[in-house]
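Shared chain: chain A. Partners: chain B in the first complex, chain C in the second.
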Partner chain A sequence: MSRLQRHSWFEADARARIAGLVDANSFRELCGPHERLTSPHLAVLDLPVAFDDGVVVGEATLDGRPVLVGAQQGEFNGGAVGEIHGAKLRGLFERARRTRPAAVLLAIDSGGVRLHEANAGLIAISELMRALLAARADGIPVYGLIGGSCGAFGGMGIVARLCDALVMSEEGRLGLSGPEVIETVKGVDEFDSKDRALVWRVTGGKLRRSLGDATMLVDDDIAAFRDAARSLLARPVPARDLAALDADQRALTQRAARHADARDGLDIWRALGLPEPALIPMLDAADFNRLLAPLSPTEAA
Partner chain B sequence: MERFTLSLPSAPCARADAAAALCGVVSSGNLEILVDRGSMADRCDIEVNTSAHGFRETWEAVLSDAVARHAAGGLALAINDAGATPAVVSLRLDQALEALEDRA
Partner chain C sequence: MNALLDRLFPTGHTVAFDGHNLSGHAASAAGRVHVIGTRDRAALTTDMALKLSQAVLDAVRADQASGDPRPIVFIASTQGQALSRHEELLGLNGYFAHMARCVDLARRSGHRLVTLIHGEAVSGGFLAFGLLADRICALPEAQVKVMDLRAMARVTKIAPERLEALAQTSPVFAPGADNYARMGAIHALWSDTDDWPQALRQAIDEAGGEDRRAELGRERGGRTLAQPVAERVAGVPLGA
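Moving on to the complex of A and B:
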């Protein structure tokens, strides 16, 4: 597909992402903007509120199968999670346990906890994690989609890694502390958040896919995210028993040892034995996936 | 935040009974407009919440223009604004009201 025909996931807002992700006109929003569930904390601080508190949740179908969908609005306060925002997502996972959809799809676009809501935001994130894990324990798969301008950082970075599988574009970034936070705390020599190429090499989808954090890498295109979600939905529900968790833990321990000295995604690509690491940021998703296929750090996309 | 409400005369909207639309996102220099059913068929009720202080006259001018361009009677508009310029406000109002006209 030519670049001109693409509809960028990165540029789209939460509602446009959902509209392109699920079957046409199948989405029914829950706790929508007309209910005006706005943040009491932002109102007390005399800051602008949003009628949906920066997150869109509801139910839809994908390939005719029922799914629950949550999409964060990255533009509103950096997609950050406050009390209401978090409660809507937590409620989505509680609903999943009752309605047993084929999957929960989570379009993550967030810097983490909304600092204005401090403890309420932290509690919201912890409740969201608990609800997500409870839904998974009930056998409902949770798939994360990361390709927005805020990426998935802070508490939402943890939530992302609790998902059964992650779809990322290179533009969507994943980490715990965001680049700006690291630069503020440790200095610009540690991590220059203005160096966009470095930020993408260290937190972007290609590195995350190389390390096995992301399950699939796609181009920045709404249709590509939809196709990836469809292929995840067509798979059997992923097994998550103690043996699988032990295997994950061993893999992470080995990875930490193997890449202990890496300062940059380039070092990791070099260590993995990929040809011409410096050219990797220029590859589109298909070429990158072909390059990575022989390594297959988790599973083929 | 500066908050105020207005009720402006406007031609009746054919779809006021089923009015429900949202456009825009609350972010720097942008705003969201939520369209609901209003109370009177020949007036448009508007509620503005804006982070920019002291621009009420400008808001009134932009909103009056918009409800003159569109049949917005019988509608209630609720606006959350994070410092959008008058041109952006005007564009979003057109988007929100045209979304209803498209469905008519």
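Moving on to the complex of A and C:
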């Protein structure tokens, strides 16, 4: 189906993303801006604060089924996780363990730990990871959505891969250390962060989908993210028992061996046997997905 | 590292080294334990993450057969994740997430998880492994951080003198195992004169249950907001 008017996920803020993701007018925010939960650690440095500390959490329905939703505000401090921001996300997963929604949807847009409160942020992400894993163990699926300007990096890059499935747009990026950090420490020859095409070939949605890190690749369109989330809700939740983790261990080992010399997404696409790797960045989601279909990369492939 | 292991496990251990990885078994005051970790402030790569995950999966499998999940002692010594385009391309974050899932599986399979920080524990390398244990202890001189204060000053564009001054009163951003202890993420700071086998036994005895770090951070006064904010969103008291 072609859409005459697209609403960009990339350009939207967290509340607009949620509004377009779930059933109309179904979202009820928890600890919203009226509660004025602002970071005292930013205030003490005379830095701007936000009434939601850069993350929106709450309850909604999707296709009439109850879901919990969290969405990070990339525009506030790069979506970085501080004490309150992290506690809100952790609280969302603790709530899920009690209310047992059909899923938790996590719209990630974050560079990771907020350096101004670095220790609190690191611990908060650790608590978020444990709460997410606990909700998962209780049988509640967790789905991640990545398509914002900050992508998912640092601790939030790890959190993203704890999700049962990930939806990404080409614009979304996923990794651990950002290109700027690698360039600063290791030099421009290791990673030229100004080479935007290279950055996307190493961290972007198409590369992540090709490796199986992302479950679905969609266009930068809020309705496309919504459709993807709806289809995930209809899927069985994958197991995470010893046998499943053994299988992931084998797949990740094979990936490292197969791509032992790769330094660019082009190397990966070539090794996967995709025709004309250099043209892949130009394709829209539908054409890319058609190209990839014969490979059907699965989780951790 | 051998001196550390000898002091921790005076009655014997069979810990083997594989590059920066280590794994094996030891006799502790709390019985036989698995020992898994890294040494020499390793920069964690996909290869090292796979070895750590494999060791955890092997421990779970071994004890599943016997029906007696033994404690796992993690030794954390890491300067953080390896900074490399190749590692990023492979999806180092996903290898770390897999490691975290394996640690979580071990917890759910009944293993008590204790981390000992030796040397240094930094950022991503610590987050997906040692920091996920039930009980975390820092050995003397252990350093814990996200980033150096000077690098932090550069990135945040805040004068280093100002950060130094603030660090005297606030535990939230400056490096230091004592700061992490005040915030509830390190349960005990071991001193050189402590009886380590006894301290380890206590840590193993106390390990387990729900994540109570936010509660501990509030009790110790270093992290007062995490617990009440999470509880407001959860709608229930945590750890109940």
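Just so we're on the same page, the second predicted complex is superposed on the first by the 294 of 301 C-alpha atoms of A that agree within 3 Å, B and C clash if a C-alpha of one lies under 4 Å from a C-alpha of the other, contacts with A are read in each partner's own complex, and residues count from 1 in each chain.
Everything below uses one rule, namely that a residue touches a chain if its C-beta (ideal position, glycine included) is under 8 Å from a C-beta of that chain, and two chains touch if they have at least 3 such contacts.
Since the model is a prediction, treat every value here as computed from it, not as a measurement.
**Student:** Between chain B (first) and chain C (second), which does A:F76 come into contact with in this model arrangement: first, second, both, or neither?
**Tutor:** A:F76 sits against chain B, while chain C stays out of touch.
**Student:** Give the label of whichever partner, chain B or chain C, reaches more residues of chain A.
**Tutor:** Answer, by number of touched residues of chain A: C.
**Student:** Is A:F51 touching anything from chain B or chain C once the two structures are fitted on A? First, second, both or neither.
**Tutor:** The answer is first: A:F51 touches chain B but not chain C.
**Student:** Let me test your reading of the model: by the given contact rule, A:L115 touches which partner, first (chain B), second (chain C), both or neither?
**Tutor:** Once the two structures are laid over each other on A, A:L115 reaches chain C alone.
**Student:** Is A:V67 touching the first partner chain B, the second partner chain C, both, or neither of them?
**Tutor:** neither
**Student:** Contact residues on chain A for chain C in the complex?
**Tutor:** 30-31, 35, 37, 40-41, 44-45, 57, 83-84, 86-88, 90-92, 94-95, 98-99, 113, 115-127, 129-131, 133-134, 137, 152-155, 157-162, 174-177, 179, 181-182, 185-186, 190-191, 202-203, 207-208, 211, 213, 240-242, 245-246, 248-249, 252-253, 255-256, 259, 262-265, 267-268, 300
**Student:** In the complex of these two chains, what residues of chain A are touching chain B?
**Tutor:** Chain A residues touching chain B: 13, 15, 33-34, 36, 46-52, 73, 75-76.
**Student:** Which residues of chain C touch chain A once you look at their complex with the stated criterion?
**Tutor:** 46-47, 50, 53-54, 57, 60-61, 64, 81, 83-98, 100-102, 104-105, 108-109, 123-124, 126-128, 131-132, 144-147, 152, 155-156, 158, 162, 166, 170-174, 179-180, 183-185, 211, 213-214, 217, 223, 225-227, 229-236, 238
**Student:** Using the touch definition up top, name the residues of chain B that touch chain A in the complex.
**Tutor:** Contact set of chain B toward chain A: 1, 20, 22, 25-27, 30, 32, 34, 36, 49-51, 78, 80-82.
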